[in-house]
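Starting off with a structure, shown below.
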Amino acid sequence: MKKVVINGDFAASYGALSAEVKFIAAYPITPQTLVVEKLSELVSDGELKASFVKVESEHSAMAACMGAEAAGVRSFTATSSQGLLLMSEVLHWSARARLPIVMSNVNRAVGPGWSIWADDTDSISQRDTGWMQVYVENNQEVYDAILMGYKISEDPGILLPTMVNLDAFFLSHTSEIVEMIDTEDVRKFLPPYDPKYKLDVNDPHAFGALTSPEYYYEFTVKIHKAMIKAKRKIQEVGKEFGDKFGRYYDMTEAYKTEDADIILVTHGTIAGTAKETVDRLRAEGKKVGNLKIRYLRPFPDEQVYEHLKNAKKIVVVDRSISYGKEGAFYSETKASLFDYNLFVPTYGMIAGLGGRDVSIQTIREIVKTAEDNEPNKIFFIGEKK
Amino acid sequence: MIEIRLHGRGGQGAVKAAEILAKAAFYDGKIVQSFPFFGVERRGAPVQAFTRISDDPIRVHSYIYEPDVLIVLDPTLVGAEGIDIIEGIKDNGKIVINSTKDPSDFEFHNKNGVQVYTVDATAIALKFHLGSASAPIVNTAIVGAIAKVTGLVSIDAVKKAIIDTIPRYKEENAAAAEDTFNNVK
Amino acid sequence: MDKEKKYEFNKTEEYPKMVVSFGSTLTNKTASWRTFKPVINEDKCIGCGICWKFCPEPAITPTNPPKIIYDYCKGCGICIVECPVNAIDKVDEKR
Amino acid sequence: MNQEKKKLTITIPEEEIMQAGHLACQGCGAAIAMRYALKALGKDIILDFPACCWSVIDGPFPYSATQVPLFHTAFETAAAVASGITNGIQAIGNDHTTVMAWAGDGGTFDIGIQALSGAAERNDNLIYTVYDNEAYMNTGIQRSSATPHGAWTTTTPVKHFKKGEKKDIDSILVAHGIPYLATTSIAYAEDMVKKYKRAKEIRGTKFMHVFAPCPTGWKSDPAMTVKLAKLAVETGVFPLYEVVNGKYKLSIKPKELKPVEEYLKLQGRFKHLQKDDIDYIQKKVIEKWEILLKKVEMFGE
């Protein structure tokens, strides 16, 4: 174990290093550039023994990763915003091809106007590609999520790719302490990638051929089932990771929710700021809690219900909006509750769009808005009115 | 938790100063966080950077609005059009300014307990040939002053952080920090 | 490997995880595509190999004389046109 | 009696890697092209196909005609996927397996040119084949930038037939400075096999431009596929040459070019052309042929 002070982009790079990826293809985009720069350095110094193809677009980055991964080679890429959107077609392709690629995506707003700042619109709009999506809170989690991501994705029962989402600048360019795991210990946790079917001249198969209506349907069902199965796998791997390395992860993380009247539902860096705010509000006598959601896909319906079932008000914070409806995390959370016939006043809070800061003061305003207003609608927190 | 805000101009190394400060505190056993103001920095433009130092895990990821400590790398930023250097400074906060002036020359000195400290980091940077004569890089020099004034970090940790962070002229940068450590007013 | 083996997947559980091939297209007899039949006149054949060489399927054996594999011949007629000694006749399919 | 006869004359490798039962149209030039390419390259190969006729020809799940490892991929990604495969297997110590992207003209001249340019600029160790049938045949005969002047397609109807020349993809690739480029034709099997064998031995990006007539899209008799491919060479419509490290070399040099009309008249896609149109095409063919001869002269070996 070695502790270092690094930014989130470097944490992603070191995650790929510790996972001993053998193939990287990437294209630069702010604020992901530090990932490609660091990986270039690690590869050219020989610290990471991998092939790094500097492709001419994000679309080709993902396509090249598909090629390598299909040949049985553990692959990594990183992107952000417009780059992720350009990849969209091949995100579907890589997932349907059941290629367990891991990618870090720096959550950044999409244009126009040009914005390089934090916003989840990029990854949220790729929700239905078949990629697992984890949203992380700090740089340690960036690193850990990449290692766990490979373990979960490469599980023969899962075989779906993982997107590790970190907030632009609030993580990508923020330096924090990250504990790195020794390679030997990582190897005991994450065995080499050895898929049953790959591009192998000794066992030739064609992948992704024309699939008639007679067959296509069941392949889709299988992806859905694998995604559902991944929920347990995520929990198992999170526990194993904790047992081995001392940091436990689950699909959600509940903070002072047991007796809370108002529960905030947050993700990404906002979750950390929300926890800090919960402590301050509790010191002022308010029974507030926070439920951090780590995974948007698969979505932790059961845990969301379990942690929220006793709340009097549920307040979901989104850093994006599905125009004409509401934030995705809000929709997903409500749907989970509905599945359990639970009807609780809910509030959808849109905050931090395009990098607008979500501070302790912002979270206070969110809680106050929920206290003062009728439920079941969305509110724009921090909007100039 | 101590929150520090640094003001500088693009090219002076305010972001690196924030990082060195964080690393030094980390070497002293603290939990740390540092980050730039997220913008599209251009040489000469006013920039900000931030450092948090704490005994407990740092969970907040947002800008710093009420700093305990302010650091000003460029004296011309004080009173510059559209910039309120001392905005949000806590009562009894500390301000370290790269300046040839005396602390008492600053109107906010001794108001609400705020203490101003000055150090001629530019002269020290020039003495150690850091940057060029027209654009001295003062970030390492000023961190030495911060160590002295705030006691948040040890000078040994600062020197180690500089050597780990600065790619070239490591020793000269470390010496500059030590120099300011000894000469801050 | 039996290249003419048929593979069937009747339940979701029986499917592979991804769309991956197992058998060869030899399972797919394309004889029904034909509207006429090329027939090699072995007396005229000079064994030049040109019909074998240009067959797109391939559905002609590399033997002397070559044999047309009628299970797969789609009846494109390239062999008839390319035969330098007109040793391949175009015969209507009797159905 | 047959035993007394000598063996059949075999001028290209005998082993069949590509299997029958595939889904190519009757008389498909692209099927012949694959058959030769695999004969030349052997089984130590990994293929990838973008959307193109071959994504259908190879056969539906769970069958495959090529019987070598093959990755079907999205339209514009043939070169990028091949880059991933070749660099990926190199990273795990495999430097012997040939990696080949196999794409149509639409996937190469148009939507895939960015990824192809990227791979060529990086000089990734792969063979990129474009089997050129001069239109989007898999989607039902729409014009591509490989469609020649004068041709009918469903998006260039007879009254507004394709105006303007076919994109000179080969010069674009040569300009990338790749180590090997060859134009080949299914009518010249031995030449094509020889060129693929040569490509296999060269490290870096090899671009193979295969002329592959499409009876369906060209409105020609399936039986005439090879004849048309031969005429394209003999008329100068599709000259055969190699470019090795920038040096041009003609593979087939007809003593005299046949009139282009001989080639055009066998195809329904050109039947609306008037004499003026044919004269214009003839003029352009001669012009381009002479430019090629000059390149051979100037940059030849």
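Every chain is named by a letter (A, B, C and D) in the order it is written, and numbering of its residues begins at 1.
Just so it is clear, contacts are C-beta pairs under 8 Å (C-beta built on N, C-alpha and C of every residue); 3 or more make two chains touch, one makes a residue touch a chain.
Keep in mind that this is a model prediction, so the values were computed, not measured.
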{"item": "Which of A-B and C-D has more C-beta pairs touching across its chains", "value": "C-D"}
{"item": "Centroid distance [mean C-alpha coordinates] between subunit C and subunit B, Å", "value": "80"}
{"item": "Separation of mean Cα positions, subunit B and subunit A [Å, integer]", "value": "34"}
{"item": "Distance from subunit D to subunit C - Cα centre to Cα centre, in angstrom", "value": "23"}
{"item": "Inter-centroid spacing, subunit C versus subunit A (mean Cα positions, whole Å)", "value": "52"}
{"item": "Multi-chain contact residues (two or more partners), subunit D", "value": "58-59, 61-64, 67, 70"}
{"item": "For subunit B, residues that touch 2 or more chains besides their own", "value": "none"}
{"item": "Numbers and ranges of subunit C residues touching at least 2 other chains", "value": "9, 16, 19-22"}
{"item": "Pairs of chains in contact (touch as defined earlier), listed by label", "value": "A-B, A-C, A-D, C-D"}
{"item": "In the complex, subunit B residues that touch subunit A", "value": "19, 22-23, 26, 31-36, 38, 40, 58-63, 65"}
{"item": "Touching residues (chain side subunit C, partner subunit D) in the complex", "value": "3, 7, 9, 16, 19-30, 33, 47-49, 52-59, 62-66, 69, 71-72, 74-78, 80-82"}
{"item": "Subunit D residues within the subunit A interface of the complex", "value": "43-46, 48, 55-56, 58-64, 66-74, 76-77, 79-92, 97, 114-115, 117-118, 121-122, 124"}
{"item": "In the complex with subunit D, residue positions of subunit A that touch it", "value": "22-23, 25, 49-51, 53-57, 59-61, 63-73, 75, 89-90, 93, 97, 198-201, 204-212, 215"}
{"item": "Footprint of subunit B on subunit A - complex, ascending", "value": "3, 5, 7, 31, 116-117, 137-138, 167-171, 173-177, 269-270, 272-273, 275-276, 355, 357-362"}
